[in-house]
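Please go over the structures that come below.
Here chain A shows up in two complexes: once beside chain B, once beside chain C.
Right after this comes the complex of A and B.
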């Protein structure tokens, strides 16, 4: 086995492009959190927006959160990946520009066109609105998603180009020579391995997503061009699953890069790491039938495949990334500041969220829990407490005024507010799922209201804490762009 | 089943929290030489890996033994299946019958006349006992034997538009 030692990499500030991504992500994230809070308050019957507004907000929240998770994840990946490969800043900015165009189209379709077929836009719902929205509103929504998808596809093609230019091919960038041969300690760094995985799966996912969007746009204007509803659903969930999961795999790069700087310990791509990322590349693409377990007409072998991969998928998360963080932090003398706290918390959130997720992917459990609030319960655990915490950790790291800068009590209070709020919020969803509360209902039955009210309190705590994180980041934008040491030396570490 | 899923999730999430909490508490004093820690860590990781294989492997296989897809579910139940044709519409359920007999298998043949819906059967305590998707162009079949009399409700389990939450129906389960 190769011997790995820590090699210090200087902390670099973010480019203007990365800051534009993060600024956009933070602003939209906060807005979408508020939308989510409104939805919980409506379900709790604390406010009265009406079903029309609820479903419009639900569509906005879903599409907005998925999009912004992609933008935030891409910012983390691009920031660190450019240390190793030559990326195009022009393409990076073009993706953001296309994203903003798509956002305007989506907001227009919802606010002015009253489109509310959810972000999953299952065929043939966009074209069968029962008079609730026009053909143009549906086209604007799906066109907006298509524009955003094209932007991300361009970005990933550029990343693919840069990786291949530096490493020769994807196999080398995934470290296959070291994985299947002698581990000489020269495997690509974790950031490159993770970025390669994300690039492969997202290119495939985005092409599938763009294909079904194009087919459905055609169907809008040429109704005689029909699509098999099962095929459409499979393509939508393939694209959706791959894209949202890729956001976590992009954001976790912040953990791989920043925690070693805080602990002065190596997080290298050894054989186990490489094996897990190669396995995840395949699993992320082939797990998607676990969204279709209640579509009994779907090929049964694919449903069983979704069940099995759901179990297998937890292993890399727990044993490699989650456990890897525990190893480098244990007796490291790490100094706990907002960045290190949030990044450590994020891996807990990811690992903890994987538990109710794989349980939901068990066919017999799914039979009585699919499309209950158990589903948003588990995905909010690994996205809010996992992915979003990774991004918050990253922005605190970028904006940290100095290596040994002290933090105020307000930031620490917000950290605990976010942690407990997110945990309470997700557990209220999970508990409601256990009680069979159906998902995506504007109006809840009286016996469901207590869970909604508890969830609303915790959601408000999450929003308030996130507001502080975001305001802190905007107030430190100047520092975030400069090159200087941010990660403090661990206690007792040799300088 | 829901109770098991909840308790199991809580136990597993607590174990994960315990691991992270233990490491956070033991992060303050640095052990400068990382190599021995790494070796010990890798040994523990191997044990963790094999524990997961030993626990999750059989669980994964065991839970595949009783899938809701096959006809075998009601094969050993008494009497012929009572067939209920169920069709989803925006926003109502059309059922070929709304009364069935308990302790005899019921076959729900579920489809949709327009867009995707979800056919969820709730018992009198509003707990979900079975479901399948209602999809245009396909028929999904649930085979379920009711063991308790009462009024069961059918709720839509796939978002289908403005009145999704109102798309409810009832089915009465009685004795012969």
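Right after this comes the complex of A and C.
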């Protein structure tokens, strides 16, 4: 039986590269939140932008949020992973540079080219705009996604190189010798296991994404080369679903690394933990058909696979991480501060956010729920209360002025504002979905407006709270780059 | 050993150029594109491997390093993926000769020379780019609305396209699979990035 004891590791400050990632992530996140708020206000008929603007903002919000979740998640992963393997700062920065180039291309395509086929750019919409946008605008949008994908591919290839150089191969980095043999307690740390999983699934997803983007770019200029629409949708959702799933698997590394410092208890990479990550490595790549359940023309086996794996994949990492967090915190004497609160909240958000997907992944439910606001309710809970809360917890941790630094009432108010705002905002989506309010509609029926108006109020609360988190982070950039102990010792723990 | 290897390589190359082998491999689009052309490129790879290391290094330096060689191999190989180029090779002996010379010397040889100097990231990028482009090319052959080669039937181009897609999937699985096996655990060492931090914290 392996013996796990807590070993204190030095608390490193963020490199300039990580701070550049986080600064970019915070700025774009706030901007995209504002765009989201405008969309809700438009649906609530409080402002009047018009349908075209709504869909342009929806495209910007979707693509921007997916991209920035990737950047923020990569910052968390890179910051902690570099303690175990030798990563290349040059490649890390190259990814950020390519990301920014891609963002400029995407913004240009939307703002100047009026492209608004949503981030899903489903075939054949980009090439058949009925005069709403030009061929060049569609090419700029898809080219921007391609450039961003190339940057992330380089980053993951570098992570793969570093992990293989240190652990020999992916099997060892996933802890398979300990999983399938004797657990000697020497499995790689949770950060390495999670990073390996993310690297595997993202490399596969990005190659598939690059392929469909190239195919659609060719189709844009050579329309006689048609694409099977179902194949295109499958490839887009494979790439998109893997990528957005991977963002939370990157961000959860903050929980694995930071909570043990608060409780002085180890996060065990035991057999159950290793099994859950290995199982999810496979399942994340086969779960995407749960977004295609309404496409009856898809092969039946794919839909059944999406249904079953949709059920199964909810369990392993989420339960292991949630249970692990509860065990690590229970009677630990943890001293709560903004970072630990946000990280703990994020696990609730992740767990709560997965449940609507679990329900929607049932084929019979999916037929009536999938095109309603139930689905935005799911992914906003999962991402806003889960992934984004992890990132906010991480930036609060980095910027914490001292081990026992006290927090002001404004920070605490912002925490409760963010928690209640995000809950209210996501519940307004979920309840509207339950009432069959259609999603992706710029104009809502009068009966739907109360949900939109309530949602707008909560969205404004989320934006205001997030603004404070971000301003606090920017005001503490100097501290975030320094090496010093940040987590207060748990009550009763030996110094 | 080296002499035997050189003679064997030369013999294989000459065998590929014989009318028997040519007509057998060029009779179908799939064997032409997915067997003969890769074999000719492989001959270039083997040729590079048989050169003394000093000669390989000198060639690499003379060509300006790994990147220009990878780009050269990319463009030369892309040309021979064009249906027009296949037709020309079948109809014109000079183009056929150019194919037999350019694929080993402008694809296999430069790629093998560059490979030694490419980092793991560079190799990974070449692999992933090649795999995704092979799949896209396969789709182009499947989706082409017209017969693209005068010498091959339209159903043949469709089946070749599917073979390319399947080959891309197999190569991807194989390349990913290699990352799961072999290698050794490195002794626990402080990563360079962390060593830099330590130096900053303790300059002495």
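Criterion: the second predicted complex is superposed on the first by the 493 of 495 C-alpha atoms of A that agree within 3 Å, B and C clash if a C-alpha of one lies under 4 Å from a C-alpha of the other, contacts with A are read in each partner's own complex, and residues count from 1 in each chain.
The criterion applied here is as follows: a residue touches a chain if its C-beta (ideal position, glycine included) is under 8 Å from a C-beta of that chain, and two chains touch if they have at least 3 such contacts.
Remember, predicted model here, so these are calculated numbers, not experimental data.
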Which partner reaches more residues of chain A (counting touched residues only), chain B or chain C = B
Request  = Once the structures are superposed on A, label A:31 by its partner contacts, choosing first (chain B), second (chain C), both or neither.
outcome  = neither
Message = If we overlay the two complexes on their shared chain A, which of chain B and chain C does A:85 touch? Say first, second, both or neither.
response = second
Message = Looking at A:282, would you say it contacts chain B, chain C, both, or neither? Reply first, second, both or neither.
response = neither
Ask   = A:344 contacts which: chain B (first), chain C (second), both, neither?
value = first
Ask   = Does chain B (first) or chain C (second) touch A:308, or do both, or does neither?
value = first
Message = Considering only the defined contacts, which chain A positions touch chain C in the complex?
response = 12, 15, 82-89, 91, 153-154, 157-158, 160-162, 164-172, 200, 203-204, 206-208, 210-211, 214-215, 218, 224-227, 483
Query = So in the complex, which bits of chain C are touching chain A?
reply = 119-121, 124-125, 128, 131-133, 135-136, 139-140, 143-145, 172, 176, 179-186, 191-194, 197, 201
Key: chain B residues touching chain A - in the complex, by the definition given at the top   = 1-3, 5-6, 8-9, 12-13, 16-17, 19-20, 23-24, 26-32, 34-35, 37-38, 41, 45, 48-49, 52, 56-57, 59-60, 63-64, 66-69, 90, 114-116, 118, 120, 122, 126-133, 135-142, 155-166
Remark   = The chain A residues in contact with chain B across the complex are 3, 6, 51-52, 55, 116-118, 120, 122, 124-125, 128-130, 132, 228-230, 233, 265-266, 272, 294-297, 300, 303-304, 307-308, 311, 314-315, 318-319, 322-323, 326-327, 329-334, 336, 344, 347-348, 351-352, 355-356, 359-360, 362-365, 367-372, 374, 430-431, 433-436, 438-445, 447, 490-494
